[in-house]
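Each in structure tokens, the structures are laid out below.
Presented sequentially are two complexes of subunit A, the first with subunit B as partner and the second with subunit C.
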Partner chain A sequence: MALSKEVYKEFEDVVGEENICDDPAIMPAYFATEFAAVILPKDTAKVQAIVKLCNKHKLKFRAISTGWTGVFPKNTILLDLRRMNRIIEINEKNMYAVVEPYVISAELQAELFKRGLNFCIKGAGSNCSAMLRGHGHLDQTTSADDRNHLAIEWVTPEGEIVRLGSLGSSDEWFCGDGPGPSLRAIISSAVPPGVTPGVFTKAAIKLYHWPGPSKLPVVGKSPRYTLREIPANMMARYYSFPSVEKMWQAELKIGESEIAYELMGFNASMVASNITTCNEEEEEVFRRISQEVQGPGFFVIIAGNSPEDFAYKKKVLEKIVSDADGKSLKSVEDPEIEGILLCQCVRISASIRETFRAGGAFNSIPIMGQRDLTIKWAIGAGEAKKPLIKKGLIVDDGGAFFGWGVEQGHLGKTEIFCRFDPLNPEAKKAVEEWRKEQCARAVNERYFADLLMAKIDESGPSLSNYHLWWRKIVKELDPNSVSPEGGPLV
Partner chain B sequence: MIAHEKLSDIVGAANVSCERTTLDEYSRDMSFVNTVRPACVVKPRNAADIKQLVKLANEILTPLVPVSSGSPHFRGDTVPSIGGAVIVDLSKMKRIIKVDRPRRVAIVEPGVTFGELIPTAEKEGLRLNMPLLPRKSKAVIGSLLEREPVIMPKYQWDISDPLACLEVIFGTGDEFRTGQAAGPGTVEEQWAVGGVQKAPYGPGIASWHRLIQGAQGTMGIVTWASMRCEILPSLEEPFVVGSSNPNTLLELAYWLIRLRMVNECFILNNTNLAAIFAKKWPDDYQDIKAALPAWTLFYTAAGYEYFPEERVSAYVKNISDITQRLGVEAAKAVGGVSANEILKAVQRPSEEPYWKLRYKGGCEDIFFLTINDKLGVLIEAMNDLAIKFGYPVIDMGVYIQPIVQGTGCHCEFNLFYDPGNPGELNRVRKLSISAVKALMAKGAFFSRPYGESARMILNRDAATVAVLKKFKKIFDPNNVMNPGKVCF
Partner chain C sequence: MALEDYRGDMEMCCRCSCCKFIPMQMVQGAEYSYACPSIAKYNFHAYSAGGRLNIAASMLKKGFNYSDKILDIVKNCQMCGACGVSCNYAMDMEVLEPIQEFRIKTVEDGHTVPALEKVITSLGNQGSMVPVTGKRGDWASGLNLKDATSKKVNVLYHVGCLTSYDKNMQKLAKATVNILQKAGVNFGITGDAEMCCGGRAYQMGYKEDFLNQAKKNMAMIKKAGIKTLVASCSNCYQAFKVLYDKYNLRGDLEVLHITEYIARSLNEETLKPSKKVALTVTYHDPCRLGRLGEPWIHWEGKKIPGDRFVFDPPKIYRRGTHGVYEPPREVLNSISGIKLMEMTRIKEYAWCCGAGGGVNESNPEFAMWTANERIREAVSTGAEAIVTACPWCEKTFNEAIQKNESSLKVYDIVELVEKAI
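Up next, the complex of A and B:
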């Protein structure tokens, strides 16, 4: 449904003719969805004006920041926030940065490194928006998900501007909660189906100390960057263990002893993806390191604030690994490989190689929460991958899963995916079935309920009927139903 | 008026009281809110009782005021704002449901106090991230729901910490579990497969516990909550650093927290430190106070399972580089108060009598959040106001608690007064209201609005209030849950 000329003109009056488009030849450049129009506001006032117009005409809208997860109902007005790309403030003394939606993580991190600071970059990669919630490689140190936001500026689905926490009361960004109950309860963005209604226009995010250099000494050429030298008081290693239990024992102890800057439970297949530059090389390296590892494992970065701190952390790491009969992967001890992994896993440029390169597509079950519990479930989900591998329907990764500790092991994430050729319908179907079965098992055996791809009416009843409350909230906030709920991710 | 029999049917006759003396106890507290006598006090035994009480309250439109902690109360939030209310006193729900060492989590009912939970947690090798010296009767859940600041900012990743999950009976009478506890399955079924109620977010993209926290019982009644715990260190080295300049100590605290070298970490002025550690009143108090520097930063370096001495000595060395740069010195005692003594004290609730009541029998707290840069100005403004109102500045306690891994700090002024002296009481009351106004004008953020100042605080943020009211309509459409509190 195209907008009428009059309505189009009203939006055009807000953003100027350069910043609105309803050309059916151009709009598909965004996503496969048929949009009513794409609009590019420059600031909060423009977002507000657009949202008010959407209410006036009862038109559905949805914003994107960097737009990695586009799932939109047909005829949505897409607010592409790419012109809102300023780092508003980096407050070193109070450990936060204020950003607009299109500030990408790489950009913010480069600025932060100069100040000895870092933040939580989503595992999706450094090209993603810095502002939206997410989790990734650095979570051991930088926390994750909705736990990194401080104050947020939010345009409600009706077009009111709400400035959460200290921002609304005293014009400061350091706190997003209060007075009274916290509106952060519902404002966090996320992948569909559960997206925050309305538009986030700025957010303060927590910062963390970065013990490394102000600039990583990157050398080489894409896609094979490494480091000229390993920065002082830093070390990266990959350890494998004789069993999942032993691996978990080591991971738990590393969390409790607060020594790891990063703990990423890559499997051997993901290590291979990350240190190679093409599928052929990856296959060969995977085969080689599969022989070298003794079982499941994880990648660790140790970073000391001083030589003493580093020496202490290294000593504890070695003790924990040895107590759990862990073995260091020799390839990663090679400074060039160590540099590649350090570089990719601190700047967060690893994801695409792991997920898309080998098969062309992937289908995944990610679970945030209690790491030991989800590992227990993932062992079964990994076993269930093996028949698909045998049939040649998915990329051979040995039936592996992966994950990591969050907040020094207080929380965690486990994820398991299958990589397949999207042009092979049999493979696609088999993977979808695998996913469905494993998610059903997760609910039946009381591990967790999938929220990524299930409709909320499917997952809600097993989760305290949260969907009913969520719907009531959205209805209250959005009486004109202009902020669509979205659907499952695929 | 709610029928006595109906309440007795739900909780049992022994758990309902409409006696005047009992009602009087709940009709006021140590704050300056109006005295309003409730109609009844009930003590539910379990979640089922609570659910029925909420249903009944909706049927006959009677306000419910949930109370977890024992008296004395200080903030007016447990005193009914309107007549005819039923106090839901949860102090009988005292089960410590679970303490899980590997997952670092404890689950408790609302009546469990810090003094009761600490020994059980310690037996498992765990400890709590505590508020500073809570009174003996303070319920753990009360503290979690109020977003009280905690003394180990390093372990406070999010302002909602250490709260993890909770079960709540909303004002509608519906039961809901937040975070990982939401499901699938019952809590017991989750335990059976190895799950604990730890991850706070969800279900869905919402973080429902954030709506219950800070609500002062206006959204529903919490029947249990889980909290993240920390590991008991195997070695702890506490230190104190004195200074006449709070900004220097703030700068030091900033680095200690940023580099995650310390566990407990907070700043007290000499009045508060003396009020906490004086044994013989009033001589001891005056002597300690006179011997103390104006401000004292307290912190602990700790070691856990592996090579604790090496960890602590690396930290001590690194910290001394910072103290030297700032021109201050870390010591083991200050003005006769030893760092060890402080450490021991702050890992427990306050000894009786409650430390805030020892000096004069009464205490009014004014507390807010701010950023480091503004703190100096706000302390000065408070001093000026105290002088204006004739309150001796040297009698005013100050507590500064860095929060959420250094993203700001909680600042608390403790105005000690004699409640039996009407002149003093009046002065503190007037000072307190003026102070909230004046500090707010200078940028203090009152994230937890209580009592007489709540309206004034909330009026500054009409947009937030408008959204909160929408939520209230959903979770408590008949406004039976503690009406008159926050902005409801």
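Up next, the complex of A and C:
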């Protein structure tokens, strides 16, 4: 359904003719969805005006930040927030940054490094919006965004501008809970990617101390960047363990002793993806590393605030690893490889190598919860991958999973994915079935899993029917039903 | 290879947006983080490399229904290749090649834009990509240079259309000649007989016109028995070295950019810059000398059926790693008094000057916008001058500077070398 000339003109009057387009020519670039129009607002006032027009004409709308992911109904008005790309404020004293949706994490992080600060970058990569909510490599020290979002500016589905937390009472961004309206219960599962309707136009993000240099000394040419030298008081290692139990023992101890700047439970396949520059090299290195590791493992970055602090953390790490019979992967001790990993895993710049490079697609199940339990679930999901590997439908990673602890404790994220060629229908179908089965198994075993939309009505009753409450809230927020949900409820 | 041959590559695009930015490790803040001028200016995802691949892939599936918007998307791209470098940091897929093939297809299907048609008509009629005034070899009158078509020379200096005809750029030809003479090189030119390399026509999508020029040039070169060609224009350099090779036309002709030749002469001590040039400069890597100057890799193969996007024989991608980055820097560093301040976006992830891909001709305002972005970045280094190694960059920067009244000076590297010897 194309917009009528009159309605189109109303939107055009808001953003100017160069910032709206309904030409079918551009749509393949937008998720191959036939949007009613794509609109590029520059600021919150424009977003509000567009949302009000959508309500006036009962047109469905959705927003994207960098637009990596998303499934959108046909004829939606798409607000591409690309022009909202300003870092509004970096408050060093109170340790928060206020950003618009199209500030990418790499940009914000580089600015923060100059000030001795860092923030939680989502594992997806620093090419994504710095504002979006999620988990990542640095969760050990930066926690995840359940805590990291402070005040937020939100244009509701009806076009009200709501300023959450301290912003609502004092124009200050320092707190998400107030003084002022908290609404964290709605937002916490919901700052995108998620389901809260409306458009998030600014968010304050909590910042953390960065013990490294103001700029990493990157050398080399793409695709092989490494560090000229490992920055003072920093070290990166990969340890493997004889069993999952031993690995978990070490992970927990590292958390308790608060010594790791980053603990990322990569499997050998992900290490291989990270340190190689093409698919062929990756296959070869994976085979080699698989022989070198003794079992499951993790990648650790230690960052000291002084030589003494570094020496202490290193010593504790070595003791914990040795107590759990861990073994350091020799390849990663090579300063060039250590540099590659250190840089990539601080600047979060190789997730694409881990996921899309091999076949062009991946399908993943992330599970939040107590790590030792979720790992048990993941081992099962890994076993279920093996027949697909055998048939050559998915990339051979040994049936591995990965994950990491959050906030130096026993909670964390455990995830498992299959990489495949999306143009192979058999592979696609097999992976979808695997995902469905393993998600269902997770829910049955009472894990906090991403639920497929179709299943919510089945699983809701075992979770206090929260989905029904959520729908009631959404109805209140969006009486005209113009702001469709952005993804599955988690 | 035709657009269809890149279907698999285009389908690999995962929409990650990395092609909009310089490689993530190199991002130094909110400023100068973009690699692609097209998305930075036009904002709709369709104007990114990923968007172009998505559109081309969709047209392959659904048919080529051209519209003004499609042509606008196709032509507002400098063909600078920055997208490919950023994408290929992590992905194994061709990016610029399908974009180039998409362009070629639009032209072959008869969907062209008047501004570019005009240029190509002039190429056909007058053998030049720039307006013709006088004769091509007029700049050399009185210089007594050898005619490489009739005299035995070790090196052919190919001057290029812009440097030959543009009165403001002829100084670059004279400087180059001066340098080659000082280095004692037995070189010649082809003067009025010189022909356009065809490289810029290729960037615009006019493959046949390019091939026509390439064949004529190589016939002349073979006939004259020339073994080494030196170009001072990065567009010519890339055409002779990379594009002619791509179409198996280069044979064993050695192609060098003047900066490579100078660097070689410095190493062999046949050239000694002895005079001081007190200047703080920043160096702009021309796209076609830098990342796109990387040698062509001949490859033919088939996808291995199965889970991965891999081929038999394995495909080696041109990821910008082996462009000409060091010789110009070596040359600058050899001149006493020159202080080189690097910009944020350099080497394989340098920002384009704006002139490539026919944008200079079809959308001068976009070319100026792109150049202004670079000028801003150059000024931010504290440099007094931006130095480049291509007349097209110099021309575009000069125009941008004139328009915005910046005090930044613009030099081609040969001008500085000339001052120093």
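Observations, loosely collected:
In the analysis below, the second predicted complex is superposed on the first by the 461 of 490 C-alpha atoms of A that agree within 3 Å, B and C clash if a C-alpha of one lies under 4 Å from a C-alpha of the other, contacts with A are read in each partner's own complex, and residues count from 1 in each chain.
Going forward, a contact is a pair of C-beta atoms (placed from the backbone, for glycine too) under 8 Å apart; a residue touches a chain by one contact, two chains touch by 3 or more.
As the structure is a prediction and not an experimental result, all values here were calculated from the model.
For the composite obtained by overlaying on subunit A, subunit B and subunit C can both be accommodated side by side without a clash. When both complexes are overlaid on chain A, the residue A:K330 reaches neither subunit B nor subunit C. When the two complexes are overlaid on their common chain A, residue A:K9 makes contact with neither subunit B nor subunit C. Of the two partner chains placed around the shared chain by superposition, neither subunit B nor subunit C is touched by A:K429. When subunit A is checked against subunit B and against subunit C, the one touching more of its residues turns out to be B. Vertex at the C-alpha centre of subunit A, arms toward the centres of subunit B and subunit C: the angle is 140 degrees, rounded to a multiple of 10.
In the superposed pair of complexes, A:L463 makes contact with subunit B only, with no contact to subunit C. In the superposition on chain A, A:K390 makes contact with neither subunit B nor subunit C. Of the two partner chains placed around the shared chain by superposition, neither subunit B nor subunit C is touched by A:K56. Measuring only between alpha carbons, the smallest separation of subunit B from subunit C in this overlay is 22 Å. On the subunit B side of its complex with subunit A, the touching residues are 102-104, 147, 157-160, 175-178, 180, 182-185, 189-190, 192-196, 198-199, 201-216, 219, 228, 231, 254, 258-261, 304-307, 310-311, 313-315, 317-318, 369-374, 404-408, 440, 443-449, 454, 457-458, 460-461, 463-464, 466-468, 470-471, 473-475, 486-487.
Those residues of subunit A that touch subunit B in the complex are listed here as 91, 93-96, 143, 145-147, 150, 156, 160-166, 168-172, 174-186, 188-190, 194-196, 206, 208-209, 252-253, 256-258, 305-306, 308-309, 311-312, 315-316, 319-320, 368-370, 372-373, 376, 407, 410-411, 442-449, 451, 456, 459-460, 462-467, 469-470, 472-473, 476-477. Of all residues in subunit C, only 8, 11-12, 14-18, 21, 23-30, 33, 43-46, 48, 50-52, 54-55, 57-59, 67, 69-70, 73, 85-86, 88-92, 306-310, 314, 317, 319-322, 325, 347-349 touch subunit A in the complex they form.
Residues 19, 21, 23-26, 28-32, 38, 40, 66-69, 80, 82-83, 85-87, 103-104, 106-108, 110-111, 114, 125-127, 215-216, 218, 221-225, 277-280, 283, 343-344, 347-350, 352-353, 355-361, 392-396, 419-424, 427 of subunit A touch subunit C in their complex.
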